[in-house]
Structures are given as C-alpha cells and as structure tokens.
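Just below sit the structures, each encoded as structure tokens.
Two complexes follow with subunit A in common, the first pairing it with subunit B and the second with subunit C.
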Partner chain A sequence: MTHHLTAGPAVSAGPAPTPAAPARRRAGTGRKWLEIALFAGPALIVFVTFVIAPVVLAGVYSLYNWNGLGPLERFIGLDNYVRALTDPLFLTAIGNNFTILIASVLIQGPLAISIALLLNRKLPGRSVIRALIFVPYVLAEVIAGLSWKLLLSPRGGVNALLEAMGLGEFTQPWLANPDIALWVMFSILTWKYLGFAILLMLAGLQGVPEELHEAAAIDGANWWQIQTRITLPLLAPTIRIWIFLSMIGSLQLFDMVWVTTKGGPVGATNTMAVYLIQYGQGQYGYGSAIAVILFVISLAVALVYQRFAMRRDLAGAVTSGVR
Partner chain B sequence: MNKRAATRWAAIAAVSVTVGALAACAPSDDTAGEGDNVTIRWWHNATSDPLQGLWADVAAEFEAANPGVTVEVTGYQNEDLQRTLIPNALQSGDAPDVFQVWPGGEVRAQAEAGYLRDLTDDAADLIAEIGGATAPWQVDGRQYALPFSFGITGIWYNTELFAQAGIDSAPETLDDLIDANEALKAEGITPLAVGAGDLWPAGHWWYQFALNACSVETLQSAIPARDFDDPCWVEAGENLEAFLETEPFNDGFLATPAQTGADSSAGLVANGNVAMEFMGPWNSGVIGSLTADAEVPEFLSWFPFPTVAGGEGDPTVTMGGGDGFGVSADAPDIAVELLKYIHSAEVQQRFAETGAGIAAHPAAADSLEDPNLQQIADGLAGSSFVQLWLDSALGPEFGNPLNQAIVNIFGGVGTPEDVVTALKDTAAAL
Partner chain C sequence: MTTTLTTPAAARAARPMKRRKAFDWGQPWVYLVAAIVVVASVAPVAYIWIGGFRTTADINADPAGFPNPWSLDSYIGVLTSTRFWGSVFSSSLVGLGTTLGTVVLGVMAAFVIARYTFRGRAFLYSLFAAGLMFPLTVAALPLSVLLRDIGLQGTFIGLIIPQVAFALPVTIIILVPFLRAIPPELEEAAVIDGATRIGFFWRIMLPLSAPGLVTVGVLAFVNSWNAYLLPLLVLAAGGMPQDLWTLPLGVQQFSTQYSADTGAVLAYTSLSMLPALAFFLAAEKRIVGGLTGAVKG
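After this line comes the complex of A and B, so read on.
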C-alpha cells in the first residue's frame, strides 16, 4: 500500500543524500503530502465550504420545520418529504421536468443532428446560417424569455401575425392555455438551446475522418448509407455527451419558466426548481427538502446514465464499474 | 504513514483551516450605540422619487437635529428587501436598525423570534395618535412596528369607458357590477383585468368574497387560530365561481402579470384596453408608470368593492393594508427616536403631499391632494373594520398554497373546497 506513495518524480527534485532507505521514504512521503496539502488545500477548502457544507446543511434543514427566523429546533423527521411527494402540484412539476427531458432527447436530438449534417455539407451561405442558428443560445435567458412572453401574450406579435395572415381562428393566449402551455414552453426551449446542440454536433462531425467517407463512396455506398453506417456511429460520443447535458438542463430548468410563466397557468409549466422557489418562501425546511429531492433525482439520473450510456466515454470516472 | 492515515490527516488539516477561516469571518462586537458617534442603518422599499427623496430628507433632518448620529438610509426593491435581505440580515445577527415590516403573519414571525423591539411603551403616545391602523402590526397586544401608509383595496376604473357603455354611477352591489360588465361587453370592452399570472391579484378576489361571506367575529378568530372549519370559507369560493361564470376577465388572464408591461393587468387599464381592475391603494402609481406619457391618466377613478348579497359579512368591512417600519431588538435607543420622527404628524403630512400613498396618521388626512387617494381615504374612513389582506394576515407560508388554490378556481381546475383544504394543510404543516 505504501509502495506507490513513495518518492516518485514529484519529489525527485529534492536533494536526498541520506543513505537509509526507510528514512528517505518517510521524508519523501511527508514532502509529498505537504505539496498535496499546499496545492489542493485551498481548492478543497473552497469546495467543502461552498459545495459540500451547503448540501449537507440542506439535508439537515429538510428534517426541520423552520421559517428561517429563530433557532432550528422543531425536528419533524421526514414530514417535509412526505408533504412534497403527496402534493399533486409538486408531482406535476416532476412530471413536467421529465416530459421536457424526454421531449428534448427525442425531438431536439434528431433535429440537431439533421441540421448539423446539413450544415456540414458545402452550402452557399453556410457560415451565415451557422451563426444565425447559434444566436438564440447567446441571448441571456431573461431577455429571450421576456421577448417570448411579449410575443406570445394575447395582444402580442404572434397573434397579430396570425391575424395578418388570415389565420385568425388559430390565435391563442399561448402561455395562458393550460392545455398547450407546456408545449409552447418546450418550443421556446428548443428555439433557445437547439443552437448549442447543433454546435456540439458540428464539432463532433469535424472528428469524423473524410477518408472513411471517400472509401465508402468508392465502395458504392450512397449518402444515406454513409451517414447511418459511418458518421452517426462515430458521432455517438458527442451525442451521448449532449444527451447528458440536455437531461441535467431539463431537470434543473428554472430561469426560462420563471421569466415567462412562473410555472403557470395552473401549474401547467411548473418545474421542480420553480416550485422550490415558490413554496420555499418562509418555509426553509420544506424548501430544503425540495432541494434535496431535486438533487437526488438529478444525481440518480446522472449516475445511471453515466454508468450505462457513457461508460466508454468516461473510463475511470466514479461510476465506471467494469474495467 | 499509510494512505488512509494520510488522508485522515489531510482531512483534519483541511477542516481545521476551514474552521479557522470561518471563525475569522465572524463579526466582531458591534459597538454602535455606545459613545457619541452612532450610526443607524435604515432600510426601506422606495426605489424612486418622490418617496425615496422624502426618506433621504427625513434622514438628513434627523442627523442635523441629533449631532453625532449618522443615518445610512437605503431603498431596496420591495420583494428583494422583504423576502431575502431582511431575513438574511436578521438571521446573520447583522440586522439594520430600522427596517420595513410587513403586517400580519410576518411581523408575528419576526417578533416571536425576538428580532423586533417592543414599541408599546416607548411610542405609546404616537400609537394612540395613529389609532386603528396600528392594529395589523400588533402581536398579542404588543406593538412591534408602526404604519406610515394605510389604504384599502377597491376597483380602479376608466370613467371614459364607463360613459361609453352608458354606466352613469359606480356599481354598489355585485349585481350592479355584473350589469355594468354586460353593458361594457356589449360595447366590445373587456370589463375587468386580473393579473392571475402573479397569483396574488386573483387571490384578492377570493379574499374579498371571504370578507362578504364571513362575519367579522369569524375573521378575527379564524385567522390567528388558523381554523377554517366555518362554512363561510367554502361559500367565498362558491361566490367567486358564480362570478367567474359571467366571464368578466381579460383574455389569457391566467398568464397576465399584475404590474409589468402594457399587457399586465395595470397596463391594460392604463392604456384603455380594459375598464376595471380590483387592486390595492398603490395602483395609481403603477398605472401612471405604464402609460405612454408616464402620467396618471385623467380617466382613472376608484370605487369601493360592491356589496355581495347573502352571507354573514358586514358590508362596511373592507380589505386593505399598508407599509410600516420596525426597530431591531439590538438597535440603539436613538433608533426609536428616528422611528417616531418618521411617523410624526409633520413627516406624515409631507408623505401625504407627495401622493405616494395614504398616510396612516389621521393628522395627515387633509394633506392628501391626489383625488383617487382621497376617494380611498373616504372609503377607509367609512369602514367599520379593515381586514388585512389574507395572505399577509396568515403569513408567508400561506401565500403560495392559498393563492395557487384560488387561481385553480379561476382556471376551472379547482373547487372552493380545495382552497379550504390548502388552508388546512398549510396550517397543519406549520
């Protein structure tokens, strides 16, 4: 056990003229740990203070009935968790998060891959199209959200456009109709984040060697066969990473919803994070329980996905079981 | 040293450094209040003139009258101040000396946690002068903050659109209001705007129906006891449902905000798109800020909420609330003097003259110049009892569950019973 910790390249710079091997080993070990403490210590302290400690504290607060004022003294066990998981509004919020997650993967993914494949060909104006597709992603969430909120309001631009096109019967209070609000929200999210997905896919496509396409073409493969047999398999690591980012983003979704609907109408676009802000007010224990549930769900999804889908991409990471 | 032991030592070292760093962050003893030079920190919610300027003047005058006293006065956005800044400051032991305190549940929570100074004896004369408006800031008969403004919620309306629809007098009963709505609709005018996207404006409709359904005794006993077994709480929702069936509200009200932009409920009234809005006494300022010329429109007027037939409610009971200031339990004594100066008849008269609101002090009644505020003041004077807005009265924990359950009735997905269930569930979890 001690063997691989003894003086390696890291301490070889030190003058160690003493003869006794055990003594040298001890001195070398001490130095090594000093260096680790010096280099990793500050980062570790910041990490523990601002990441680990708050997570642990949220777990502690979640077991109390606490209004944020006064001492932490009314221990109520798991009541906050029971309350959250029996509140239909919170269950709707979890359902909405997963609806957006699944819809993102099933709709945004294929869309982004198709557009990336298209933009990877030689097209007139390709660089302009690439830049334009990326514009929504560059906009701040609040600005994009407010713009859509104004456009989609009953007197907004979208309805005015429909009227002008003679499609008056399709006008809607888009974000106020509980039947469609979640899908309107999903459309805004797609508009906002599709550019990022396309950018990732385009970057992934740069890593597909041109020679393979040429070889396949010589062997008589058509464009469609080349894409499905060569490009997509080689793009798979990028797709898996994008799915991972998209899933985490869907589960943590807050800002766009908060700016456009605050989770309404009647909870139709509520998400876990929006519910946390609304119902954590004056109830820090309950809010902490929601935060812990959100954390556990995100962590579970991330770990399961890493373990099964990204095993090869992340060899050596925490969850890579089989080696 | 093996790896495990080394890890343990590193962890111990890291933890001790962390603890040391945190200890170094702890505040040193606050010496404010001792010696000649005292600094008073005063937080309020005025972020624009005229009120921000008035408070700055008041602070400067107090400094001039009390040599050695410095008043640091800062205005913060209302919800940030009340929901984030003040709770954090109180919890961290670094509270401002004088700060805005919401009435009802919030003043109760802060007083019970020992953060507020009991003003009952220190400001006894002033409390007597201000009178009934001080009640919402009392906890178990003790006074923990004083109001500087107080008003009631009523219906803001567009006199020009009323004239166009041939309505010649303000509705006095709910049936009059429904008739007026139909007359407006016949002219193609949307009768009422409600910002249900923000939840609480829809909540105010239910609160008002609860005031009409419940007796004053029920209101006064049920709210502190958080006991909602009286059938009047269900009746309130049933009356609201019946009113909603007449479809009086603007299109898309479920996603309409209250105060931001031309498409908000206030913006719809400000720009002549909708005839009425049921809203608190601050609304003329909000409506004024949402017009093209940033002036309060001439067509704007106000009438008290119409009476509702049936129910045990007293028609002279109105709904309202206000803004007040309290003093931190740790504040130096001179902070109480500043509080008394802020609420003195002289400063309250100047507050009324600015038109920022209705002063709580009766001596300032004649200084009110704004015609809409005068109408509200008349309505207030005619009230036998003013019920604080129910979400404020019940406390911050109730706000969202209650208002969401009410909005569900607006959206056709909730029942009157659901609102009472939400109230009982929230009370049970306290």
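After this line comes the complex of A and C, so read on.
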C-alpha cells in the first residue's frame, strides 16, 4: 500500500530513467534511479567538488602565472614545470622523498616483520605490549614531531642522556646538522610508524592457520624453516599492502618535516610537499605545478608497484631480503 | 634400523608442542626484544610527560634529570588557559562533524554501490576508489582558493566538508564489501514482509553494518583529530582566532610562541597527546581491524 502511493510521484520525478534492462522489481526504474540519486548524490557532489575538482584545477592553474587573486590571464605554458624541474632545491626534495621511501621499505619492513614474527605467540601481557608499541602511531604527526624537536635540540634530552652515559663526544645539534638531518628525520619516522607496521603484520599473521605450523613441526621443520617457508609466503599480501602504504606515505611526507625543520638545514630534509607549501602560497600557478609533479610521481610509483606486486616478484624479493 | 632412526626425529617434532605448555626457553628473548621495542616507543613520550612536571629553570640546569621538585605549575597553567580548551573544543567539534558527515554520506553511497544493479555502478565505485590516489597535498592550493571564493575559508564548515570529501574513498571501500556481505535472503524476506528498499536500509542494513560503521567512524575521527595541513590552510591562513585553532595547530603555535618556557611547552604537548591516546587505545582493535579489513576487502 505504502509503496504504491510513493511509487506514483517518484516515477514522474525520477531523473533520467534509463530505458535499459526491464525492471525486475515492482517499483519502476524511475523510482530506482531516484533512490540511487538521493543516496549516492550527496557523497558524489561533495567528493567531486572538494577532491576531483581541486586536483583538476591544479592542472589548469599550473599553466598560468597566477598569485591567487584576480583573473587567470597570464598563460605561460609549461614554464612552471621547467622552473620546478631545474630548481636544485626541488630536485633535492624529490631525492629526499625517494631516500625516505627506499629506506622505509628496506629497513622498517624487515624490522617490523622480524619483531612481529617474534611476538606472534602466546605471551602473557601480549595485549599490553601491543598497545604500548602502538603509542607513537597514535600521536598526531605534529605532536610527535614537536616532541622530538624538543628531545633533539642541542640542550634537549637526547644530548643530555649521551652526556650522562659518558658519550659526550657524540652530542649533536641533531636536526641542524645537514650531514645527518635526513637520517635523523628517517629515525623519527621509523619511531612513529614501526608500531603500525608491526601491528599490521601481526594482524596478517593471525590469518596464517596454526595447523600449518603444527603440521610442519611434525614433519621435522625447525622454527626458522617454518617462518621462511610457510609464514612469510602467507604473509606476503600484508607485506605488499604495507609497502604500498609506506611508499605513498613517504612521497607525501609533510607534517613531520614542517614542524621539525621546515625542510632545513639548507634543504637537507626538504620534501616535495614541504616545498609545495613553502613556495605555493602566493604563487598558486607555480605551487600547482609542484602539486601536479607530486601527483604524477605518486601515481607512477603506485602503478609500477601494482604491476610488480601483481606478478609477486617484489613480495618474493622483500621476504627473502629478511634473511 | 628405520624405526630407531625415526624415533628421535619424532621426539624432536613433538617437543615444540609440549614446550609450549611447559617452559619455553625462547620466551626470555622474546620478552627482551619486546622490552626494547616498548621502551623505545614509550620513553620519548614519558620524557615529555615527566618534563611537564619540571620548572623551566630545572630543565635548563639539567635537561635529562627527573623533576626536582615535582611542580604542577606548568600543567595547571595549561589547564587554566582558554587557548588549550579552545583547541580541545575546536578539535572535538571538527572531529565529530567530520565523523558524522563521513559516516552518513559514506554509508548511503556504499549502500547504492553494494545493493543496486545499475549502469555506471562500477564507474561510481572506481571514481571513489581513485580518490585514494588523490592526496590532499595535491588539492591543497586550489582547495583553499575554492573555499575562499565560496566564503568558507576560516570557518569550521570549510574544514569539515573537505575532510569528509577526502575521507569518503576509504569509507566506501571499507563499507561496500561489508554491506554486500549481508545475505540477499534477508532483503527478500524484508520485501515479502512489505518493506521498501529504504525501509530495508534503515531497519536491517544499518543495524547489521554497525561494526563497519564504527570502524570507518573511528578512522575519520582520528584522521580529523590529527590533521594539520588542511587546518593550517583553512583555519590559520583563513583568519580564525588563535584560541580556536585545532590542537595540532595550537600546539605548534604555542611551542613557537613560548619556546623559551620549555616546561610549559612540554606540559602543553603532553596534555595534547592525552585525548588521542585515550581514544586510540580504546579503539585500537577497530583501527587496526579497519585498516587490515580495507586491505583485504
């Protein structure tokens, strides 16, 4: 009764009913399309307006010399791109992003996998351990960064600790020394994100059936053989996903660098996103060109990786790299 | 001959299973590694918290010492300041608004993608999924121009709506398999009982997908609570009064402004950690579950 009443007006009000496929349901296709529009419409409008459109606009702005005010008039073709790709500071920033990316995959990955394998057993207190390992991930990147800035300042906790241990000659202005600043930054990032990687791996390990271990143990395999021959291959999907997340995160690194060093000293810790915000506010055309380059690089890395990962080459390389 | 050879092997094989019940000598090593990782994770945070109990003079004299004497002044100073509570208010407001918007819009769109057959459905799903590849940094500058042009820069709504937009891809990717997994028999039964599609959505779909909704809600809230770049462009650059900046912005501003008063900065930083820590530890399973679920779905 109710739907007869509502179906009537809905048909006439339905936007663009398609003549395709005879309606299986009693309610006509008009009503179906109305429901689809009402339900998916709001999300679609918000998403297109605030995600898709700005990204497309970045592509348009990047071709202009524009300070963000007034009309878009001074079309300059690809000049912004040429300027970006010939600026040594920006090239250093790209290099830094890739250094962090490679170091993350090669150092954090094996570390997280090893720790997860060790912790993947029935331990009294395991949930407490997991919760505590998760603490750095829980903090906002900004707050973690500010904490480390305090700890690593010349008169901060780390130097004081070294002095107290009699290692005074190792004290450093950690984040202000251009020779090591990038690696200090990488260490902070490792501190921040290792817990997440461990937890992700532990969650992945839950999907490896216990019976397989028992069967292998009965067949005489030792712990090491069980891990490398059974557990790691079964963990490969999780590892692949983690690598993907880690790579995208490395390429878009912003908050941590912005609050600790702003890309300094002398560009040693600069990243593409930091450069974008530093130079883009006020030079919207140039900033948009940087954004497009950042987008294209992320997309290329993602696509190349997906091809690799689908063929499972990379997963094999990573898991054997643990040895 | 054969039997004598296989016996030790069989014994060896049986041992690990027995060991698990008795005492496992591997255990101390595991605890050692666990202890190192735990200490490395927590020690810097503890330094900040304990440092908040020290006076700035005390910290300047010995940066690595314990509080001597323990002083509550810095913490009290922060807890009685309007800017701290202003920041907590803003972060909560923006976080709740973002969560609500994300869950409502997300579940509605996911419902259509999961349970309707129509031309363009696959395209709709791919469009949202592609959003994962559109990082906020890429959209940041045009987005701030757009918000300025429609008069939303410097407002909470101007922060909430784009955050909802950027949270939608993950939300929809997590929710679609969730909603699809609800058996069609339930829907048929509901229809036979006279329910409309919408009625089915309200009465059956929503209650059954509650765990998925909580997961995406937690993710949206957490991301909003920790967000920095968008608040920087929308609130800070948009002229919102400093007392109403969200926590990450507020902490950053406070630590620049009062950099000489280390004790106060430490106290402010540690108090800013608390809400997130409490929330995260309570929702740990949901967060990790949501991320891995998204990965597998």
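Here is the rule we go by: the second predicted complex is superposed on the first by the 266 of 323 C-alpha atoms of A that agree within 3 Å, B and C clash if a C-alpha of one lies under 4 Å from a C-alpha of the other, contacts with A are read in each partner's own complex, and residues count from 1 in each chain.
Please note the rule applied: contacts are C-beta pairs under 8 Å (C-beta built on N, C-alpha and C of every residue); 3 or more make two chains touch, one makes a residue touch a chain.
For clarity, every value in this text was computed on a predicted model and none was experimentally measured.
> Applying the document's definition of touching, compare subunit B and subunit C: which contacts more of subunit A?
The partner making contact with more of subunit A's residues is C.
> Would you sort A:P173 into first (subunit B), second (subunit C), both or neither based on which partner it touches?
first
> Is A:Q281 contacted by the first partner subunit B, the second partner subunit C, both or neither?
A:Q281 sits against subunit B and subunit C alike.
> Of the two partner chains, subunit B (first) and subunit C (second), which one does A:F254 touch, if any: first, second, both, or neither?
Second partner only, subunit C.
> Looking at A:A273, would you say it contacts subunit B, subunit C, both, or neither? Reply first, second, both or neither.
A:A273 contacts subunit C only, not subunit B.
> Using the superposition on chain A described above, determine whether A:W33 touches subunit B (first), subunit C (second), both, or neither.
In the superposition, A:W33 contacts both subunit B and subunit C.
> Should A:R155 be classified as contacting the first partner (subunit B), the second (subunit C), both, or neither?
Both: A:R155 reaches subunit B and subunit C.
> Does subunit B (first) or subunit C (second) touch A:R83, or do both, or does neither?
first
> In the superposed view, which residues of subunit A touch subunit B and also subunit C?
Residues common to the subunit A contacts of subunit C and of subunit B are 2, 33, 36, 44, 49, 68, 150, 155-156, 281, listed in rising order.
> Would you tell me which residues of subunit A are touching subunit C in their complex?
2-3, 6, 18, 20, 27, 32-33, 35-36, 39-40, 42-44, 46-47, 49-55, 57-58, 61, 68, 115, 118-119, 121-123, 129-136, 138-143, 146-151, 155-157, 159-161, 163-164, 191, 194-195, 198-200, 203-204, 214, 217-220, 223, 237-238, 241, 248, 252, 254-255, 258-259, 272-273, 276-277, 280-281, 284, 287-288, 291-292, 294-295, 298-299, 302
> Contact residues on subunit B for subunit A in the complex?
Touching subunit A: residues 1-3, 6, 9-10, 13-15, 17-18, 21-22, 83, 87, 90-91, 109-110, 112-115, 196-199, 250-256, 261-263, 273, 395-397, 399-401, 404, 407-408, 411, 413-414, 429-430 of subunit B.
> Applying the document's contact rule, which stretches of subunit C touch subunit A when the two form their complex?
My answer: residues 9, 12-14, 16-17, 20, 26-27, 29-31, 33-34, 37-38, 40-42, 44-45, 47-48, 51, 60, 62-65, 101, 105-106, 108-109, 111-113, 116, 118-119, 124, 127-128, 131, 133-135, 137-143, 145-146, 161-162, 164-166, 168-169, 172, 194, 196-198, 225-226, 228-229, 232, 237, 247-249, 251-252, 255, 262, 265-266, 269, 272-273, 276-277, 280-281, 284, 288-289, 291-292, 295-296.
> In the complex, go through subunit A and note every residue touching subunit B.
Listed in rising order, the residues are 1-2, 5, 26, 29-30, 33, 36-37, 41, 44-45, 48-49, 65, 67-70, 79, 83, 89, 150, 153-156, 173, 175-178, 181, 261-262, 264-267, 278-279, 281-283, 286.
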